[in-house]
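In what follows, chain A forms one complex with chain B and a second complex with chain C.
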Partner chain A sequence: MMAGVAEDEEKWLTAGIAGLQQNAFYMHRAMDSNNLRDALKYSAQMLSELRTSKLSPHKYYELYMRAFDELRKLEIFFKEETQRGCSVVDLYELVQHAGNILPRLYLLCTVGSVYIKSKEAPARDILKDLVEMCRGIQHPLRGLFLRSYLSQISRDKLPDIGSEYEGDADTIMDSMEFVLQNFTEMNKLWVRMQHQGPARDKEKREKERSELRDLVGKNLHVLSQIEGVDLDLYKETVLPRVLEQVVNCKDDIAQHYLMDCIIQVFPDEYHLQTLEILLDVFPQLQPSVDIKTVLSQLMERLSNYAALSAEALPEFLQVEAFSKLNNAIGKVIEAQADMPVFGAVTLYSSLLKFSLHVHPDRLDYADQVLGSCVKQLSGRGKIEDSKATKQIVALLSAPVEKYNNVVTALKLSNYPRVLEYLDNETNKIMASVVIQSVMKNNTRITTAEKVEALFELIKGLIKDLDGTAHDEVDEEDFKEEQNSVARLIQMLHNDDPEEMFKIISTVRKHILSGGPKRLPFTVPPLVFSSVKLIRQLQGQEENPFGDEAATTPNKVFQLLSQIIEALSNIPAPDLALRLYLQCAEAANDCDLEPVAYEFFTQAYILYEEEISDSKAQITAIHLIIGTLQRMHIFGVENRDTLTHKATGYSAKLLKKPDQCRAVYACSHLFWVDDQVNMKDGERVLLCLKRALRIANAAQQMLNVARGAVGSLTLFVEILNKYWFPHSITVFFHRTQK
Partner chain B sequence: MNFLIGAFKPPCNVSITFSDEGTRAQVSLKKDNGQSIMVPLFQNQESIIGEVIIEPLQGKKLEHTGVKIELLGQIELLFDKGNFYDFTSLVRELDVPGELYERKIYPFEFSNVEMPHESYNGVNVRLGFILKVTISRNIVGNIVECQDFVVRNYTPLPSINNSIKMEVGIEDCLHIEFEYSKSKYHLRDVIIGKIYFLLIRIKIKSMELEIRRRESTGFGSSTYVETETLAKYELMDSTPVRGMKNSGYNMLLIYFRSFTLQKLQMKLLITHDHVGESIPVRLFLRPYELTPTYRNINNKFSVKYYLNLVIVDGEDRRYFKQQEITVYRLLETP
Partner chain C sequence: MVLVLALGDLHIPHRAPDLPAKFKSMLVPGKIQHIICTGNLCIKEVHDYLKTLCPDLHIARGEYDEDSRYPETKTITIGQFKVGLCHGHQVIPWGDLDSLAMLQRQLDVDILVTGHTHQFTAYKHEGGVVINPGSATGAHSSITYDVNPSFILMDIDGLRVVVYVYELIDGEVKVDKIDFKKTTATTAN
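Moving on to the complex of A and B:
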């Protein structure tokens, strides 16, 4: 069916072209013999081919172009004719004798062109007459092409400043009037296309219309090219007139296209100065017009303009561009009640970008935008629309990207409020964006308040939001996310211990709400950054002011123990144990024996009660031994207790080789090189011997089991221990005795 | 044979010349046989002065009972062909009865002749002027020689020339208002006007303006009316945008008779603002062969002109409204 139509159309076009060419041939012949009468007759017949209603715009254009070429030749002929003595006025009348209106008007325009060039009458009068006469064609397609022809031939003949057709003072007004009128009429015709024909062809019609839109838009282009249209004229006449037409046509395609056209065609400087007029129009447009794209375009252009010329900036301030835009957006949203959330958010996103570009120093503007956005979103609940969330992400990412500094974004009080309207998934994405920005730019976040704010932003990652189903979350992704949070925690730093302490407390508060799945990721970095703080404190002299409230290592340790305790509840005993040991070591370095002892105790409790897996036990015991070995603050009693226990644990490991290894490792506990009171040779040897025994037993067990001699690895390892300096010293003592 | 031919041939040549032949304008006149000849042009109240030259054939004698010249204004109706009605008849006796031997010239003069009617060559009627020389003879027939001339009368610019304004339509379907700048046009005039569309609920294919000539001959029961369409001038292509319905004017509907079934109703015009689309009218009368309007020429015939606005809808139905205009011949002041 469609193919049939296309085929028919092709046929009609071919017939049209044939008719046109035939008449053009006779016309040429008449022109060659200077026969004006015949030339007119055949040209009118030739142009009659354009009267067809059967062609689509595309095909009609083809036909039109051919006629256009012929008309150029005819124009030259007319010109020669006037040189031969035929008065152009008579010619102008003569072509109007044609009975059919379409050929008549094409001819009239053609002669009109010659007439203007002859300067026998003011250009404006002729133009006015032409544009007025063209009213006779009310058929959209034919009318559009006719008027486009008129626009084409008149383009270089518009009276303008400096042009040869410049008339008196009102010159510009005349040209402007002419173009505006032609524009208005063309737009009317264009809009009318929409309402013709059956409803089922709507789609096809819209496609056809979009093919024709440039014919209409070209008028605006011509307007912008008129030298004499300066800012005042634009503001007073051109823009209001064009906008009036845009508003009155009540057609969404036209409104969208024309608004876009206005924005693209005229200079940014004009837009800036006429912002109010321009913006007032938006709320009056049809609800189905895609305002957001147009308005975004405008804001984008303005921000580019601001970026390109620094001188323009004061102008922006002067015209209060921002507040006008903000108001306009508010009104648009109000006017278009059923605009999707997505549209509103896009608008705000564009406005935010504009504000960031043009007024990077005015953070309050950005905040205002976010505030308005929140107002729009409120009452709509969580946003489900994926397009809208995408836009919100863009909206929220903009300030972060622009300032390369999350700290700035943190100052935006409305920022987190916008976040609230996102669903969890998007919230997480947003949080990742924020964290990534921090990482990339190595942003220092140095105060507790900022940390507070920051965690507010990334809370999607910090805790579960209203019962998300966990199993839906991809394990890999989850780890990735939590790792990034961990990295973020590492980035939080302030040289001032007071503030740092506050930061840590804040972070603690947030991460403790994170639930068992997150803690293993988030606690260690916090512990380590606390330990770092302790080291820093330790480097300083003991509280020079004796300030009660001052941060002391003690206080930090208290906090640490609470944090780690949380971890042990999950349970994650391995990790907790390691952290306890880390803390103990730190306490050791601070010479806080009771604290260190406490941490060890905690570690031992964990070992005894929670760590049951044998492999885990081996790792744990070695960690304990390693840490204990380095402790130097313990008094004899405490130390004995701890070492004794450690040795005890070692001997109780499940497998003989493991026992053996743990025990010989324990030998290190009794001999610390740089501490005089910790060189207990006897017990070192005892340990080693015990290890040997165990190794033997292990060997025997193997023999029994396999009936072969087992490996000598354990013995070699023990021998290795003997080679340690303390072992050798002990050995010497023994031999001396 | 020579004798025979000589017997039937008129024994003399008669010719009529005008004294201002060299300067007087000549126009073409279509004769019955379809040929056009150039004849002098006169207007009302002009004096017609000239000479009649009678030249007997070589060696012949022309006896006559008198020579006269007549100026005749004649109306000839088609249904009564050959029967001339003379509305003007002037006679000048040129010679008393006698004999002519040689060429003789008779000057004549009709001074300030009343010629209120113009020469006209219509479908059913002709109005013409002739000068007729008659050489009366006793036994053989009279010798008659005719010379046509054309009369055209000029009118100064009318002091009152109202525009034609009218609002017509079909109830709730189509309301238009049209306006022609004048009601009286001279032959080379231009019809300027505008058509306003106040309400359109039908699909219009095109709109034309026609010039129609209505020639009516005879009176009473034997009236013949002949209407010709002289011009068809397309004014508009396709349907303009729908105008808003206009309130605030009285509707006085008068039905007009028309030749087809489609009628445009007319309302008396109450001026109001124009809301819808307006279509310009500019029609040059020059290319069309118009004559002035003739009203009731000697109770024999009338020629009237009408502007007919025709709207053709999507189904090729024609709606129209006819308005009479007066056409006159403008006195061209140099």
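Moving on to the complex of A and C:
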């Protein structure tokens, strides 16, 4: 059925074009022989093709364009006629004898163009006459094209400042009047199209209307181009007249398009100065008009304006743009009670961007916008709609991006409250956005208070939010998330030890709620931050009159103990062992023997009870021996106990070569070069002898098990140890005795 | 001329958030033929980043490395030089030159690269070189106080190797160099 109609239309268009071309041919012939009467006759016939009702706007346009081209040639002919003696006034009279009204009016406009150029009468009189006469066509499609023709040929002939058609001072008013009237009539015709024809074709009509809208909008464009229309004229006359038509036509398609048009076509400074007038219109528009898009557009334009021209910023303050927009949005949302969440958030998102661009230093404005948003969201629970979610993410990302400093965003009290309405997945996404901003901009977070606020924001990553415990999380993603949190912890720092201790305590509080999966990622960075703090405190003099509550290494060690202990519940013995040994070294440097001993004890317990994998044991024992070798704080008894244990562990490793190597490493525990009471030559030799025995046993085993001789590597290694300064010295002592 | 990057002990993310920006801008893909890493990266992201700088990547296992499959020691032949790699926590006492020399003899290498102390050192010792590139991120160390971020670039040309050490001191990158010539060529095996 539709295909049939399209085919028919094609046929009619072809027929129309054929008719037009045929008459045009005769018209040219008449023009060539200066035959005015015939030229008029055939031009009228040609224009009759435009009287058709059978074409859709798209096809009618094709016909119209051809007619337009022919009329240009006719106009030139008319001009030449007037030069040959025919009076333009007479010509103007003559064309009105054409039989049908549509061709008559097209011809009238064409002559009118010549008439204006001749300057035999004021431009405004002719224009007024033409715009009135066009009322004769009330058919929407034909009327629109006719008036469009009038607009096109009159454009360059409008009286304006500096134009050759300028008459006395009022003529700019006349141009305005002319264009406004044409616009008003065109809009009426356009709106009338909506009600033509049967209800079932409504969709088709709306599509056709959409194709024609630019014809109407063009008038506004012309108005904006008139030089003489300055801000005052715009404010006093142009805008009120245009808005009057917009409101009165009560057509939602027209209202939406025209509001959009006004915003696009006129300069931003004008909008700023007429903001109140514009905003007052919104509640008067039809409820079905998508006001939020138009309002958002307006705010976007103003934001960009502010961003590009800093000189305009005081203007914004002067007209109180922010509060006006804020109120307008409030009214719109109130008026449209069933606006979806997505709509409300979009409006606030645009307003926030506006505020960030125009009033970057007014954090209270930004906070106000977020607060209004929270009010809108309250009572709706978590947002499920993905469009709304995206808008909220955009809303929240804007301050972070704008300020390049998360700390500023932290000052917005309503920021975390908006976050609460996001579902858990999105919460995590926002948390990542925040962390990335910190890392990218190298932002240092310097107080415990800010750390607290920050961790509130990223709590989606720090712990399982309600209902997420059963969520499937991709392991790779999880690792990446937690590693980013670990990196973030490195950025939390203050040179003042008191503040730093508070920061560490705050972080500890948060990460301990993270659960066993997260602790292996978050505990190590916190431990190392604490160890760095201890080293800093080490450098300071102990103040005997100092504050009782002051941070001391002891206090930090207590904290460290608790933090590392949390790992034991997971369990993560290898990691915990390494961290205990780090703390032991730190305690050693602070001369805190009991603390160091306690850490070693914890490490040994882990070794004995939890580390059973052979490879893990080898590494662990090397770390224990290496650390113990560097300890200078231990008294004889403590050192003996620890050393004895270490040697014992070494001898009990699974493979003989590993035992041997660990045991001869222990030989270094009995001899430390830079300490006086740490040179027990006898024990060194005993140790090496033990290693030798193990090496022998290893050789024998190899013989028995595989019938192989085996390499001498172990013996060479032990020999190397014998050549060590400590052993050689002992040898010499012995031989000397 | 073969360029070899030696670095390690980054300790990302436990002790440092990232490589210093000035180092990152210097380390451009395509310029380096081999990377030798003493270990303690610690996470896969760092491994992947190093891989983008140069596909020929050798890593020894540090005690905090996430990937436990890295070897304890590794020997690589580059031109006329045999290079040995080990993290160093296995060699006790930590940082002791004699013990490291023993490892060098054990692995039978001309250049031994180890880490763990976060302290840049380079010793010529008994016809070989023992190098520690320090920590590329300046990560905290219980052994060394005030660690400056550092890494090493070795330029191997025939029997000669020039060791360039890059250190970030007070925000500025300082470069130093050490020359070393081998006395005999490696016999082909």
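Please note the rule applied: the second predicted complex is superposed on the first by the 635 of 737 C-alpha atoms of A that agree within 3 Å, B and C clash if a C-alpha of one lies under 4 Å from a C-alpha of the other, contacts with A are read in each partner's own complex, and residues count from 1 in each chain.
Just so we're on the same page, a residue touches a chain if its C-beta (ideal position, glycine included) is under 8 Å from a C-beta of that chain, and two chains touch if they have at least 3 such contacts.
Owing to the predicted nature of the structure, the values given are computational and were not obtained by experimental measurement.
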Contacts of A:51 with chain B and chain C, given as first, second, both or neither: first
First (chain B), second (chain C), both or neither touched by A:139: first
Chain B versus chain C as contact partner of A:188, first or second or both or neither: first
Greater residue coverage of chain A in the superposed arrangement, chain B or chain C: C
Which superposed partner A:96 touches (first chain B, second chain C, both, neither): first
Which of chain B and chain C A:528 touches, first, second, both or neither: second
Partner chain(s) touched by A:128 [first = chain B, second = chain C, both, neither]: neither
Touched partner set for A:717, first chain B, second chain C, both or neither: second
Interfacial residue positions of chain B with respect to chain A in the complex: 204, 206, 231-241, 277-280, 282, 284, 286-287
Chain C-touching residues of chain A, taken from the complex the two chains share: 439, 479-480, 483-484, 486-488, 490-491, 524-525, 528, 531-532, 535, 578, 582, 585-586, 589, 615, 619, 622-623, 625-626, 629-630, 665, 668, 713, 716-717, 720, 724-725
Complex interface listing, chain C residues touching chain A: 11-18, 43-45, 63-64, 68, 89-90, 92-94, 98, 102, 105-106, 140, 142-143, 145
Sites on chain A touched by chain B in the complex: 51, 93, 96-97, 99-102, 104, 132-133, 135-140, 142-143, 188, 192
